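Next come two complexes, and both contain subunit A; in the first it sits with subunit B, in the second with subunit C.
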Partner chain A sequence: MNRKFVMAGVVVLFLALPSLAAITAQHVDPIPTKESFVPEDMIKARERAAIVPELVTEVREESLYQRRKTLLEKGVGIQDVKHTFMLLDSPIIKAEHEDFYEPVRFMHGKHISVVDGDCSKCHHLRPTDPELSETVACSACHQKAFDPERPERIGLKAAYHIQCMTCHEEMKKGPVDCLGCHSRNAPDHEELVKLRPDPEPWDVTAECLRCHEKQGEDMLRSAHWLWRGPSPYTVERTKEVMSGKATNAVNNF
Partner chain B sequence: MVCHDTTDTYKKTPTAAGMPDPAVDLVAVAKKVGKPTRKTCGDCHMSGGGGDGVKHADMSPQLYYPGRSCDVHMGGYDMQCHDCHKTQNHRIWGRSSSVAVAEGSRSCEDCHTASPHYGQQLLDYHLNKHTEHLLCTTCHAPLYSKCQPTKMLWDWSTAGDKERVVEKDKYGLELYDPRKGDFVWKESAKPEYAWTTGLTKRVLLGDPVNLEGETNLTEPVGYFNDPKSRIAPYKVMRGIQMADAQHGYLIVPHLFPRDKDDPTAYWKHFDWQKSFTAGMQAAGFPYSGEYTWVKTNMYWKLNHEIMPKENALSCAQCHDSLKDEKACLRCHQENKEVNFKELARKGTDFETMAAKGRDVVDLIGATDYIDFKKLGYKGDPIIHGGRFKTLPLGFVPVEEEQ
Partner chain C sequence: MNMTRRVFLSGLGASALAGAAGPAQAWESKAPDDPLGCLVDLARCTGCRKCEQACNNVNDLPEPDTLFTDLRLLDVKRRPDAGAYTVVNRYFPGKVDDENQLIPVHVKVQCMHCQDPACASACITGALSKKDNGTVHYDVSKCIGCRYCMVACPFQIPAYEYHKTVTPKVMKCTFCFDRLEEGKKPGCAEICPVEAITFGKRSMLLELARRRIRNDPGRYVDHIYGEKEAGGTSWLYVSPVPFHQLGFIDVPDFPMPRLSESIHKAVYSYLWAPVALFGMLYGVKSYNDRRDQKQAGQGGAQ
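Moving on, here comes the complex of A and B:
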């Protein structure tokens, strides 16, 4: 009888003090959920990406050499990088073009480092207005494409592509293909998928393969399907192609 | 669809040989297919080994929606698996310590370069020099299984006792399962460190194992005096498992019953002989009929659960000599503007982590974190010299003076 009473007491205590229950179950966090997920760096980058700066109408014409010299004299460099991470996802581009690709994750800090702190590599001109920064955002000058008022300026999408790809080619570093920088958005399959109600699992596979036949062929040759494949990083077996869980893997769990 | 589901409703039934759970609305899932996510990859890779966080040290379902301090790439920047593990024709780059098969490789340097500390400050210079000798994860993943414990030891030899009262550890996790044997769990574990060239030495099925001592089923290949080798962090999974006493190789047991009439599965009959005979027959290796238990270790390289830079190991946490500023002054002049002591101590704060419930009390105040002597150094390289050179200036090591 005593024991029953104590058990009841514990239950009441836990109900009254849920935080105590959390403390006693120490060292194991609950599995987080989609709802509670806050990727703060990404959220901030997204907020910054949504800002369209006021258009810079006048820029100071100077040679790239002069620009670099000015920045060096003013001591503008790596230490002035405000945001090491940026998302290139401007509403300017999305308003003009179809949204085929995901935004580019741009490592600003890494890029300024690999060009040895030479900001003029990208920030090639500055606004005439002395109040504005030496290194305004790309989207401050490059906005609308084919703007009849400013035919000498290329639009933001072209500016990004020419700047990134030209430099990657020159430095022989960094991707120059589409998917190297941004992967393709998956199209909405709501209308594309044609299935009868309550299909068999193999009906669904057949429906996927109706359009994705090549992907199906690729899948059948992948390690994720075969559970075996090449083992280039295993000593004495670097030339073998049949290693894996389907053939010869052992473990101790 | 298991890989491309975005609705989080697709499920398989364990006994249906890969077929989806009949309760899944297949049309709804098919109409919402999209890119894989941490959840779709993780359903297999983060729960591997028979449960959440069991075998992988650096991946658990915590990474579906992690906090920033749990993994900065996934929790801070919302990166999905395929953002690093790029895919060509459904062949996915990346390699694991656990299996030999690999269809490509990824490393931190692919994005971050070999000089990943972008600033031009004193610390950045020294940290960038470190990348010649260690992988990023050595400092940036100083703990593994931070939010959910992982199995450290699995003893199959004690399985089968259905009468035994199952005890739980401080995490509330069971220490015994009659189907599987005894376990030891650990949350926020300190890695073991070893040299690696990137290659792995493995025992594969049919390879001889040491019946008396221990066998490393996987181990990194690397050497102290090889400039290409670098220090990397590992979880070492320890096991006691079955081996053929005559043939001297490991045994594959048959565990999971194929159906309710399965005559040999261990998890139905609890008879090792039946299970081993059936398992080895399926694997295509002879079984002598005589078995023994052997000790095995698996080195699992840690690649995920990267901590933000503020929480990477500090200089002083490895270099004992930097606990005071004397060692910095071997090369640097004293300068009122620079607080060497503070710089050297900026890093992983085990005290705060312990206060937040992490199991790291024993690591507070730790130094020589990566164990220099075990790695082949004579001691702290600042005092005793590095692999290929010694600091040109400063004092003679105290021990030598005496």
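Moving on, here comes the complex of A and C:
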């Protein structure tokens, strides 16, 4: 009787093992790393950004209204958008000594919708050469700054900034500060951070503060640190007892 | 006695003639023909302080107390000092936008690199000199630390490292002299995100400035600061509001060294001034001698 039970148990176990293995296998999926994640549109955008078009030397003089009219008559609009996403990372504007910021990720498709398909908002002039497109890339005309042959034509970096910021200000939409469009180009912290193999939480905080002491002090003056209950507006936590970082919460470094 | 006076007077007359010949020699400008320069467009500047940061980087200046990303510093009216060759200040001259908010105007301040610099004229050792490429160059090996340049500068730019006891230097914008020699652009002009600083030949910049004013007269006042100020400067400014509202110093339109050097030359030509001085002293002495002799003679008669 006992042996039968044991046998049955063994059989059941053998039957169950593969499924158990399957379940555990699902759970130990490899943690996605930077390398394993391949955003295809980003890679394509990066490839497109590396292309430097041939410089357009002659442009047709047109006022903004004429330009808008021309584009409307020719039917150039939202349907002609080839790429909805662009990375504004041309080799023309690679800074010589230091890159403070990451390149801007520009949503071309979204912007053309916001301006109701009016391409002339940004494509303000066109090349004289009829072979070229009505809406050439910014970098076709704007390249290196301070070209003595074309002093009135600003470089690509200034063209981007003036075009974006002026319009954002006029429309009262979109960021006009540096970090609104760019993310900060922080150095790779893998080499900088030095932690012992199995660090305690406070070891990590101490390591951050090694360089970011000022940010740490700022944090101590912020609501995140000084917060204490009660919390009258927190749903289901109204009239809660006094608690918070400044009083009784743990992890007070 | 009479003979002596005649000799003295004739000598005085001769030296006066020599003195008159001095100022007749016209003062000549030593400005380079078409130097490099920068045009600062105050209508474009957004006050991001990146030029200050780039200047600090390329010139290895000391790290400032406040981060370059802290824009509150714009409202403190700063001047270039021993730690910063250039600063950006924010002004609110009174124009308002459609929401009745004051529109700021940002002003970058640095050495103007005059065509005929007063600092170089005042410098007694030639440590400061105007180079052909437009820079007013400072050579620390010649400097004796007299700081005449600081007194002479009409734009109040040169600063001094008072905190250094052994090796103090005069500190002012170098126009990135070494970078220009290498064919590069000044640090501030290169980093400016909106090309508020345009770098190029001065003649081209003047033409560009005139074109900007002509094409958009509502955006600019009809004045290029630095075209005529102090006889012309390598750095030029165009602005949306009159310059006196933005802390710009009202400087006469002639080169600063013209007056001082003319006086200088007039006084020291043919040594007439020392001759006249000592001649006059001799005259006073001989007059006193004669008077004393006369008194002594009268005393003897009594």
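The rule is short, and it goes like this: the second predicted complex is superposed on the first by the 151 of 253 C-alpha atoms of A that agree within 3 Å, B and C clash if a C-alpha of one lies under 4 Å from a C-alpha of the other, contacts with A are read in each partner's own complex, and residues count from 1 in each chain.
Here is the rule we use: contacts are C-beta pairs under 8 Å (C-beta built on N, C-alpha and C of every residue); 3 or more make two chains touch, one makes a residue touch a chain.
Because the structure is predicted, anything quoted here is derived from the model rather than measured.
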item: Partner contacting more residues of subunit A (subunit B vs subunit C); value: B
item: Which superposed partner A:Ser36 touches (first subunit B, second subunit C, both, neither); value: first
item: Touching partner for A:Ser63 - first (subunit B), second (subunit C), both, neither; value: neither
item: Partner chain in contact with A:Val114 - subunit B first, subunit C second, else both or neither; value: first
item: Touched partner set for A:Gly244, first subunit B, second subunit C, both or neither; value: first
item: Touched partner set for A:Cys208, first subunit B, second subunit C, both or neither; value: first
item: Which superposed partner A:Phe146 touches (first subunit B, second subunit C, both, neither); value: second
item: Subunit B/subunit C common contact set on subunit A; value: none
item: Touching residues (chain side subunit B, partner subunit A) in the complex; value: 1, 8, 19-20, 26-27, 30-35, 49-50, 52, 54-55, 61-62, 64-68, 72, 74-79, 82-83, 89-92, 95, 98-103, 105, 111-113, 115-116, 118-120, 147-149, 151, 154, 170-173, 187-188, 198-206, 217, 221, 237-239, 241, 250, 252, 296-298, 357-359
item: Residue numbers on subunit A that touch subunit B, as the complex places them; value: 23, 25-29, 31-34, 36-37, 39-42, 45, 77-79, 81, 84-85, 105, 107, 109-110, 112-114, 117, 183, 186, 189-190, 193, 195, 197-199, 201, 204, 207-208, 215, 218-219, 221-224, 227-238, 240, 243-245, 247-253
item: Contact footprint of subunit A on subunit C as seen in their complex; value: 44, 46, 48, 50, 53-54, 57-58, 69, 184-185, 187, 189-195, 198-201, 204-205, 207-208, 211
item: List of subunit A residues in touch with subunit C within their complex; value: 95-98, 100, 145-146, 148, 151-152, 154-155, 157-158, 161-162, 165, 176, 178
